[in-house]
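Each of the two complexes below includes chain A, the first together with chain B, the second together with chain C.
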Partner chain A sequence: MTRTAVPTAPGRIAREAVSRLVGGGSGTVFALLILIFAVIFAINPSFAQPPSMLAFAKQAAPLVILAVGQYFVIVSGELDLSVGSLVGAQVVIAAKLIDGEESRTVPVILLMIAFGALVGLVNGLVTTVLRVPSIITTLGTMLVLYGAIRLWTGGAPTGALSEAFRRPGRGGIEDLPVIGQLPWALLIALAVGAAALALTRSPYGRTLIATGDNDTAAAFSGARVWRVRTTAFVLSSLLATAASILIGGFAGVTAQVGDGLEFMAITAVVLGGVVLGGGRGTVIAAMAGALTVEALFTLFNQLFLPSTIQPTVQGLIIIAAVGYAARQRSTRSP
Partner chain B sequence: MNAPDPPLLRMSGIGKSFFGVNVLEGIDLDVRSGEVHALVGENGAGKSTLMKILAGVHPADTGHIELSGERVEFSHPVRAQQAGVSTVFQEFNLLPERTVAENVYLGREPVRRGRVNARGMADDTAGLLDELGITGISPHAAVRTLSVAQQQIVEVVKALSSDARIISMDEPTAALADHEVELLYRLVRRLRDRGMAVLYVSHRLKEIFDLCDRATVLKDGRRVDTVPISATTPTELIRMMVGRPISTFFPDPIEGTRPGPVRLEVAQGGNDRLDGIDMQVRGGEIVGLAGLQGSGRTEIAHALFGIARFTRGEVRVDGRRVALRSPTRAVREGIALVTEDRKTQGLALSQSVLANGRLVLDSVLPFRARSGARRLPGFFTSLELVARDTAQEVRFLSGGNQQKVVLAKWLATEPKIIVLDEPTRGIDVGAKRAVYTLIRELAAAGVAIVLISSELQEVIGLADRVLVLHDGRIFGELPAGASEEAVMSLATGSHNNGREVA
Partner chain C sequence: MRSLATARPRPFRLGTTGLVYLALVSIVLVGTAVAAARGHNLLGTANLVDMLTRSSLLGFVAIGQTLVILCRSLDLSVGYVMALSSVVAATTMAGDPARIGLGIAAVIAVSALIGLVNGLVVTRLRVNAFIATLGMGLIIKGYLDTRYKGPAGDIPEAFQLFGYTRIAFLPLSAAAMVAAAVLAILFLRMTRTGYHMYAVGGDAEVARMSGIHVERPVITAHVLCSVAAGAAGLLVAARFGTGSTLVYASGYDLESIAAVVLGGTYLLGGRGGVAGTVAGVLILAVLDTVFNILAVDPFFKDVLRGVIVIAAVAIYARRQVDRTASRSRFAGSRGGPSGGTGDPPHPAPAEQGGRT
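== the complex of A and B ==
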């Protein structure tokens, strides 16, 4: 009998990397992203200038970061609806506690990180240990945070953010030739993306994706499923905290901050071809999904469409993307 | 010429194949009114498929069914029910939160003035229970409050209320305690006395000799014979069920394989499914676990792997007492489990060959994952895995190649003890051979091996010793090369003399 070696040659690896990036229902998002930018550039050629592109990146960074967090939860087979409310809560907490005092910036940020981790831990443990479906757990957390913040602030946010707090969202490395400002937000988003990519290739990330695919098989392979999934929720909440710092800095404090962000993040991830129910899709595609959503809304701006059209379009995208993925998967099966 | 009295049920020439594999071929079966007819055979002989054809769950590919001489087609379970054929499956189709009466009349509730006639329904149910001489079940009780035996009675009453003439029961005692079995016996005898035909599927020879009038023996999808129970003996029935020579398909032990010190030791292990389990497995030794489905084979595997752990007794690995509280702990102790259900428990089907191969390393031994993963291609090669490349998703592989991925996943952890639960189920002959060779190689490397299989030949052909389980206990121990008859007679509980060494 001939011994059939399973090839793992270097040429293969490169091709694998490309096919993994583009395949599995994720290829479409890159094509869509390029198409939308082509249309934007055609309508408004000045948008292709580096400063406009960097401004776009600055604006899109928070959603990219949220999409990374949502990716970890979705690929593990769960859903996190609480991130929008958490972003809102964190910005309001920051404004109220900092109250314009520069010296409080760092302690308050540390407190926000602890609070974010706590919210993720609660989401994760309620879902895995108490076996409440995550859609219900995080819907509950979303309402609790939403209500608690309004109760605490009496309806309107008070206080003010410090200059140092606002720098990551607004500032950057200034006075560079050609491009002008290189936003911190872009650098942070790139760092998050790189770390996320490394994480998905780490033993934890591999276990997370396998758990999302088949948690029984993961458990029978020795994975502690509850710990794996809870960690994903904590990551999601911590990334939402990071996003809240950028959003607070970029847009300031309002009562509406964070509203609807959870659905934007889910739209982004789903658009990236990441399958609800877990186990399929890449974090790169999820980030590309976030950029695509932002690009689409930018395009609507260019076309002078009212911003109120956004929720409708998001709803259509979610349904179409999930339907497309389901169809593609059923035709791909043997 | 017409027979004077056609049997109540006649199945002739029934054949069925799934995905090109013949599961049943040319089965003839007659069941008369007032008869309890046993359907016996080893696991995989085709009993369940035949029952499902009778119940209208699967259509037969060939042959036909006659009821009282009239030909019928069951295109749907409801059609079978309407024709008077009811089936009580192992998993009950009862709604736990509804009452007994509501379950009995589910889907055909009596209606009076546009509303469900709840009282009439309850009264009729009570009448049927009375007729069967059943006490202690109220028509108003919620089904979830009943014991398993009582739920089974509700299933039977449900069948009766739809004027069933033929009732088939799939392993009805599998889930019952000893004292409940007696209740079932009484019920079956009453059904027989009412002139119904009962088709009784069971592994347990004692029940068949206690209860049945005739038995039809199936083997590998064919009918071996139909015999009156009064004219046969348990030994003969077993011979009919097994009846084949052991092939020389199994590789011999590798030169120099010697039992080493005891690696795995279980003393008086027990939980709610197992009791008094004593076993020792030496390094390099292959210990077979034989027994019928539900006898506790898989339960031992799960207990050793920390899934449904032993609540009594102790487990030692290399002489050291260990607490196998979870699969994670079991893996850390050097135990591997190849599960019986590859697709739901063994593999993440949408992930790549490599990801599945790394899964145990990634989830339990992350610091060894990188170095362990480097050795995977070697395992894939020596197992002769056929895949496009290591990035291919395992769902596209054949059953045999999927099993090789599962095996490679465990080899990568360098286990001291490996438990193989049905390692060759549903895989082709070539892959089987690869699995057998691997088992021999592991033994030569000093791994302690526990081999579970429904295929007796496999256990007998490979194991150094065979422990036979029955009802969650070790019923006997047989040396290498024991006959299938000896194993079966212990497994079916017809030898009741406890632990014996033949």
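== the complex of A and C ==
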């Protein structure tokens, strides 16, 4: 897949641009994204129409938001496996508490935000203060949330979401010329992306990346490592809460709604050239990674690939892409 | 079990491994008391068989996972290897007792090949182990879901005995698991590759400078881990009498990691051992059996398990902090086998879960 992206273009300028694009690290994901979209457009030219693209954006928005949250945690040198079950938990909580009543929408969303922040705080404090490896902490949180939600609902989620709650996930600004509906999900994802970009350039963001790169050096430079990392976990859980609102509106209420999302988010971030272990990679590339994962699924659908074989292709592409990026990185800085 | 308690991987590991067995004994005691209060005998034959049967399956996987984690790697594909192995065994044997040997050989070959690919991808392609084995798991999942729509193949009666035979209260499968554990302990303590695993996991760069081929122990660990998962797959096939593709949904990958860490092995490699892992597996099995006796809601069990694993690891982490305070150790290992970039020297080692 990535083989074909190796630069063959004649001309020095073109060559330089291409080599920058495929030059490993974060650039690879953009090349991959362009390649996948080129194939999609070649198979199905009508997909290039604005409505299809906006529908794609609406579908991809939750994963993009999750990838941003996961980016903060990964770049600080940790890992958050709990986002998938947190999304499931939040959707179930929303359905059970709102129970179809419009007036409860806002209070319940506020409660969900508080709950998300609490989960992130627990993840962060257990990891930093109790010094439990984050993969175990968040695995434990995942088990606890998974069990607690099913215990609370007796196995099957009950209740219903309100119209207002579903609007961000499936609604949008209607009746625009040319593009039709401008989804709220896309606007929310763009806002999250812009805020995340601003945050990574802020003093906090720079401290976060420094902590992920070398936490001892960061500590000696005056960073409060535990606070920086705990904040990253809180951000991840808050963004998972935002994603759960979009997913709940878009996909409806089931307890399985978040299953496997944590691995998809981690895959997206790593595909974006962000190094597991911290300190390397950009949030834009992580978001592009999320778009790439979603584009891959769209491509599978366009190819009418049997849904059962999709994981195989997905696995091969992930390994190839990450291996390719790693090869480039190691040859560039020996 | 007592013979295991004496077989500790390192003299200075006495502390943590001892602690794990102490925890196991106290959990058994508390569990016995709680069960007795409800009029049950935790150490009765039925319950012992239940506990040991539970632990044998996870045990195989966790023993292999220990080797991989000692090398500062990780294997998330074990659940899928188990499912694939059970199908390979069942379809190869096809109900014919004469083909049992062939089936076992096929499972070993297939799982070893998967482990080899995992190891090569991690070491040569420098793909992070988390991603490499997750991707491998997805590849196997796609193959299984496409090729098999349900249970496949047939296990001959003679091999099903492996799943059900027991001597007094000791199931044959648990005995085989203990035998595998002893072999793994001997492998780690007696062979050069075993020592190299600790060296590479502790600090790949120092190991390389000491003249160790850092890739070999990692690849070996991945091969052995996959073969151990294959053995677990054989056990699944023997119990179900057919190849079961859906085993991969049972979460053995993450549970085996939890068992390894519960057993006191350091998640970032270089410290720990198989004896502790066996205790970790037994602790999880005893807890499960006690929860069953008390008729705890299955969903509440998940909650309790999560809390217990976090609490246990927090206690070990605290002890590790104490020890590194007294032993000056340059814990920061640069670039694991999967090619990370300089981790800091850690005053407290358990701080990061992201693997480099």
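Keep this in mind: the second predicted complex is superposed on the first by the 287 of 334 C-alpha atoms of A that agree within 3 Å, B and C clash if a C-alpha of one lies under 4 Å from a C-alpha of the other, contacts with A are read in each partner's own complex, and residues count from 1 in each chain.
Everything below uses one rule, namely that contacts are C-beta pairs under 8 Å (C-beta built on N, C-alpha and C of every residue); 3 or more make two chains touch, one makes a residue touch a chain.
All figures in this text were calculated on a predicted structure; none of them were measured in a lab.
In the superposition on chain A, A:280 contacts both chain B and chain C.
Of the two partner chains, chain C is the only one touched by A:308; chain B is not. Contacts of A:209 after superposition: chain B is touched, whereas chain C is not reached. Judged by the touch definition given at the top, the superposed model places A:42 against neither chain B nor chain C. Once chain A of one complex is fitted onto chain A of the other, the partner contacts of A:114 are absent, as it touches neither chain B nor chain C.
Chain A has more of its residues touched by C than by the other of chain B and chain C. Using the contact criterion defined above for the overlaid structures, shared-chain residue A:224 touches chain B, although it does not reach chain C.
In the superposed model, A:194 makes contact with neither chain B nor chain C.
When the two complexes are superposed on chain A, the residues of chain A that touch both chain B and chain C are 213-214, 216-217, 279-280.
Listing the residues of chain A that touch chain C in their complex gives 74, 77-79, 81, 126-128, 130-144, 146-148, 150-151, 155, 212-217, 263, 266-267, 270, 275-280, 306, 308-316, 318-319, 322-323, 326-327, 330.
Interface residues of chain B facing chain A in the complex, by the touch rule stated above, are 305, 307, 326-328, 330-331, 337, 339, 344-351, 353, 355-356, 358-364, 366, 369, 377, 380-382, 384-387, 389-391, 395-396, 409, 430.
Taken in their complex, chain C has these residues touching chain A: 121, 125-128, 130-132, 134-139, 141-143, 145-146, 254, 257-258, 261, 267-268, 297, 299-307, 309-310, 313-314, 317-318, 320-321, 332, 339-348, 350-356.
Considering their complex, residues 1, 3-8, 12, 16, 19-20, 202-204, 206-207, 209-210, 213-214, 216-224, 228, 279-280, 333-334 of chain A touch chain B.
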